[in-house]
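Got a structure for you, written out below as structure tokens; questions coming shortly.
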Amino acid sequence: MEYEPIIGLETHAQLLTESKMFCRCRADYAAAPPNTLVCPVCLGLPGVLPVINRRAVEYTVMTALALNCSFPEHAKFDRKNYHYPDLPKGYQISQYDLPLSQNGWLAVDSPGGPKRIRIRRVHLEEDTAKLFHVANQGETYSLIDFNRAGVPLMEIVTEHDFASVDEVRQYIIKLRAILRYLGVCSGDMETGAMRFEANISLRPKGSDKYGTKVEVKNLNSFRAVLKSLQYEMDRQARLLEAGGQVKQETMGWDDAGNVTVVQRSKEEADDYRYFPEPDLPPLVLSREWIESLRARLPELPDAKRQRLVAQYGITPYDAGILTGEKALAEYFEACAARHPNAKAVANWITRDLLQLLNSTNTTIEACPVTPDSLAQMLKLLDDGVISSKLAKTVFEEMFKAGKGPEEIVAAQGLIQISDASQIESIVEEVMATNPRAVADFRAGKEQALTFLVGQVMKATRGRASPALANEILRRKL
Amino acid sequence: MKLTVDQVRHVAHLARLALEPEELERFREQLSAILEYAEVLQELDTQAIPATAMVVPLENVMRPDQAGPSLPREEVLANAPQREQDCFRVRAILD
Amino acid sequence: MELFELTLHEASDLLRQHLISSTELTKAVLGRIEAVEAKVKAFVTLTPELALEQAHQADALLAGRAEPPSPLTGIPMALKDIICTKGIRTTCASRMLENFIPPYDAIVVERLRAAGAVFVGKTNMDEFAMGSSTENSAFYPTVNPWAADRVPGGSSGGSAASVSSGGAFYALGTDTGGSVRLPASFCGLVGLKPTYGRVSRYGLVAFASSLDQVGVLAKDVTDCALALQVIAGYDPNDSTSVDTPVPDYHRGLQGGLRGLRLGVPKEYFVEGMQPEVAAVLRQALDKLSELGAELREVNMPHTGYSLPAYYLIAPAEASANLARYDGVKYGYSDQKAEDLWDAYARTRGHGFGPEVKRRIMLGTYALSAGYYDAYYLKAQKVRTLIKQDFDQAFKDFQALVVPTSPTVAFRLGDKTGDPLAMYLSDVCTLTANLAGIPAISIPCGFVDGLPVGLQILGPPFAEDLLLRVAYAYEQATTWHRQRPRI
């Protein structure tokens, strides 16, 4: 039988605030030694009280706006009660029945055309501490670093709207781009700034019944999400095919083993005993506040993509690549403002530049070639100062040395030879050393000309203008 | 509302409290008595009454996103029952 | 008269006139503690070195000036051991925190330090403030200075006993359901629970967050006003702290009772009330009328539901507040356990005393799946009704006058076997916590040589009015001048 998956996704995104969610410790713990960004509040000492970080609320609202969410009249924080060594207070301050926002959507492409993945809620909570598991001479234990405890964590929950792993893939790419456009989350999965939990069930294709849901936790990379979902689809399909039943359980993704493993079955389901956080008064999101935040939203990826196509006449495909990162799109627009041929600009960025950035692991923000330099190089190309073949070499050199194109062209003597008399003498030399080809051409073999042009290029180390060499050869022959 | 020993045991598990058998029984009796006493609340019709979780009429209490100093690490770890290197140490977590 | 018998304001006046030094006062108080502590057991931790050092600093400060920075400068005082003090262990009278030394000061402690207060020690209490007799201390019960066989009330029993016995000129306590007022009443003191949000809770170890408030135990109303002045006021560290001006409480004491309408809700004169206590209270109410107040009966129909509502809400919040004690970051930690979860359960099972465990269990149950609506949510709705009773009453009356406790101090051990009987001690006090309103208990007579308290309840932020009523009554009576013989 053929099965189709029904998938829902929860995304946890750490917010790029200066301080933590409920205290003033710095939130950027990436480079901090263990337990150095910790205060009585985020350590959960007796007697401490939380105070809401305004920027974290604003970032959440901005994200919710970008995801087309609506806002309840008032929101509140709740205590989610459970014990774990990474949870200093024995409860997490989270949001239960009145989250900051709900009922939004994000569009992905599906076989049937654009499809809206519904967003159930976007809410705010606090991150937990980091545990390190140690196995030392037969002893196993854990070490705790509380630097991460209390970092603002935004949770974005979808409805069970994904019908394929590919839709999940698109959703994550788009969501990440939005978060990065907004500047609210780094989107770095390898550092844990973006983490996922999924739930997945299968049903026979075409059926409208729901199968038994399995939750998959501990998805800390893009790859883990896609691999684990594919793995679960296969596992559940095999199980159903064999006449078995899927059990409602919580699985963890084992990244090394490439398998999901059972963490907990339904019988021992948690009872979180949510209740309103008595230490924090409710939040009332006034229209004015929401509108002022809406005004702060940048142009978002989908809108930007459409505009680039319309404004610059580039392909939707190129526009899609260029708008994958806000900074890349800005780079493109800066170049396009300096050079009339936007298509050529898009080509150079989406092919040559991205390739160089990727192979050297450089971000667009740190790109050594300024938009101005790229525009200058394209002008040299247009003016025939360099050949298109040389342009690649020049560009690579610009990237490597961080210098302008003219400087490189001059230093390396890469200026195209456009002096007819100079080329004429080389043509004569080439004709003298290749009598066979000359004869072939005169006998009507057109390809012989290509060979001869190639020889001219070779003799000039590529600097001869191919058009001129061609013209002179024809004349001489 | 009379609690069963199993219910008391379940609650003790949720609260992560190790209780001796006689404590379980004593709590069963005492909690049952208190809950029975609390039954009187059911006399009141509260269908249309909103809940009061907080008595102060405050809303939108927030602070600006400005970082401040953290504790010196030695103070963070000063009360740690078990520490290793610069971290708190706990037994292995077996789910 | 001994120096330790002075009131705060009397001692402060003498300091200001340079007739005595803070060091002399402090030594007198430390001497008194040494003499009576074995009997009273008011303290968990004494800090004589710190006190003398602070006294020394206060003397230096006082020497240079005609006017000290605060009436509290150089005055020895005591802190309930649930208020965090940097570098001084803060136990909450629990095995769990027996060796816990906070790396920070509570905001009230910061304010007291800034005012030049002298800290003589941390006072005994019911473990995590859960109790009405101070018998739930993990260390030892405190004894009522008025009678060696009686409880001082709770949970701030150590604070009350220390002030009553001359071991401190005033003390801070905390009041979640009557924990300042009940011991004040049992020990013949003035005890004030401010409006929820009036005093910062930052650094007060949480029992029930929506009910907790730091309060003052003092020898008279003037002292209470002076101490409140220093600890009251907005604190950005406490999101439930209200940013409203703090009036001059001392100046507000004058003004009398003429023309004030005081309500007397009959529901507080509960069944099982000691008749002699009721009689003393009637006399106190008559006195208030005599002084010009207009007293009238008022109905507060939901009063009877406050005790069960309270004993669901407070334990529910407590169950979360006390979840952090797991032996990982600080505090007692069982090292014999086999695995992590066993360690958690044993740490908590052994680290907490029976009453604390009982309330954690009760609160956990009230919040658990399937019972939340019937217990926790129901109680929060009833809380609304109780609050509405007060809102209604305060439309007609400026304040309400009621008993603080249906009985005088009971005997040690009398109620330890019956939690429900113990909970009933709070029946007259916990309504103020549920409604978040201020309340004060003042001495209004004696029954069998034991003090009786009169409680005055007011609308939010009417501390000045409560103090004014209390002061008028106090000026017309002598009960507050009585001291126990130990």
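All chains are identified by letter, namely A, B and C, in their written order; residue positions are counted from 1 within each chain.
Convention: contacts are C-beta pairs under 8 Å (C-beta built on N, C-alpha and C of every residue); 3 or more make two chains touch, one makes a residue touch a chain.
From a predicted model like this one, the values you see are computed outputs, not experimental measurements.
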Centrality ranking, top chain (CA atoms only): B
A-B compared against B-C, more contacting pairs: B-C
Between chain C and chain A, distance of the C-alpha-averaged centres to the nearest whole Å: 57
Whole-Å gap separating chain A and chain B, where each centre is the average of the chain's CA atoms: 40
Centroid spacing, where centroids are CA-atom means, of chain B and chain C in whole angstrom: 23
Residues within chain B bordering two or more other chains: 14, 16, 53-54, 56, 58, 61, 63, 71, 76, 88, 90-93
Residue list for chain A, restricted to those that touch at least two other chains: 40, 43, 51-52, 83, 85, 144, 271, 273, 275, 278, 280-281
Shared interface positions of chain C, touching two or more other chains: 100, 103, 210, 236, 239-240, 319, 323, 326, 328-330, 340, 344, 364, 368
Chain B to chain C touching residues, read off their complex: 3, 7-8, 11-12, 14-19, 23, 27, 30-31, 33-35, 37-38, 40-42, 44, 46, 49-56, 58, 61, 63, 71, 75-76, 78-82, 88, 90-94
Contact set on chain A toward chain B in their complex: 17-19, 24-27, 33-40, 43, 51-57, 74, 76, 83-85, 131-133, 140-146, 263-264, 271, 273, 275-276, 278, 280-284
Residue ranges of chain A touching chain C (in the complex, touch as defined): 40, 43-52, 79, 81, 83, 85, 88-91, 144, 271, 273-275, 278-281
Residue ranges of chain C in contact with chain A within the complex: 83-84, 90, 92, 97, 100, 102-104, 106, 201-206, 208-210, 236-240, 316-317, 319-320, 322-326, 328-330, 340, 344, 364, 367-369, 372, 376
Contact set on chain C toward chain B in their complex: 99-101, 103, 196-197, 210, 236, 239-240, 242, 302, 304-305, 308-309, 311-312, 319, 323, 326-333, 335, 337, 339-346, 348-350, 352, 354, 357-358, 360-362, 364-365, 368, 374-375, 377-385, 387, 419-420, 423, 434-436
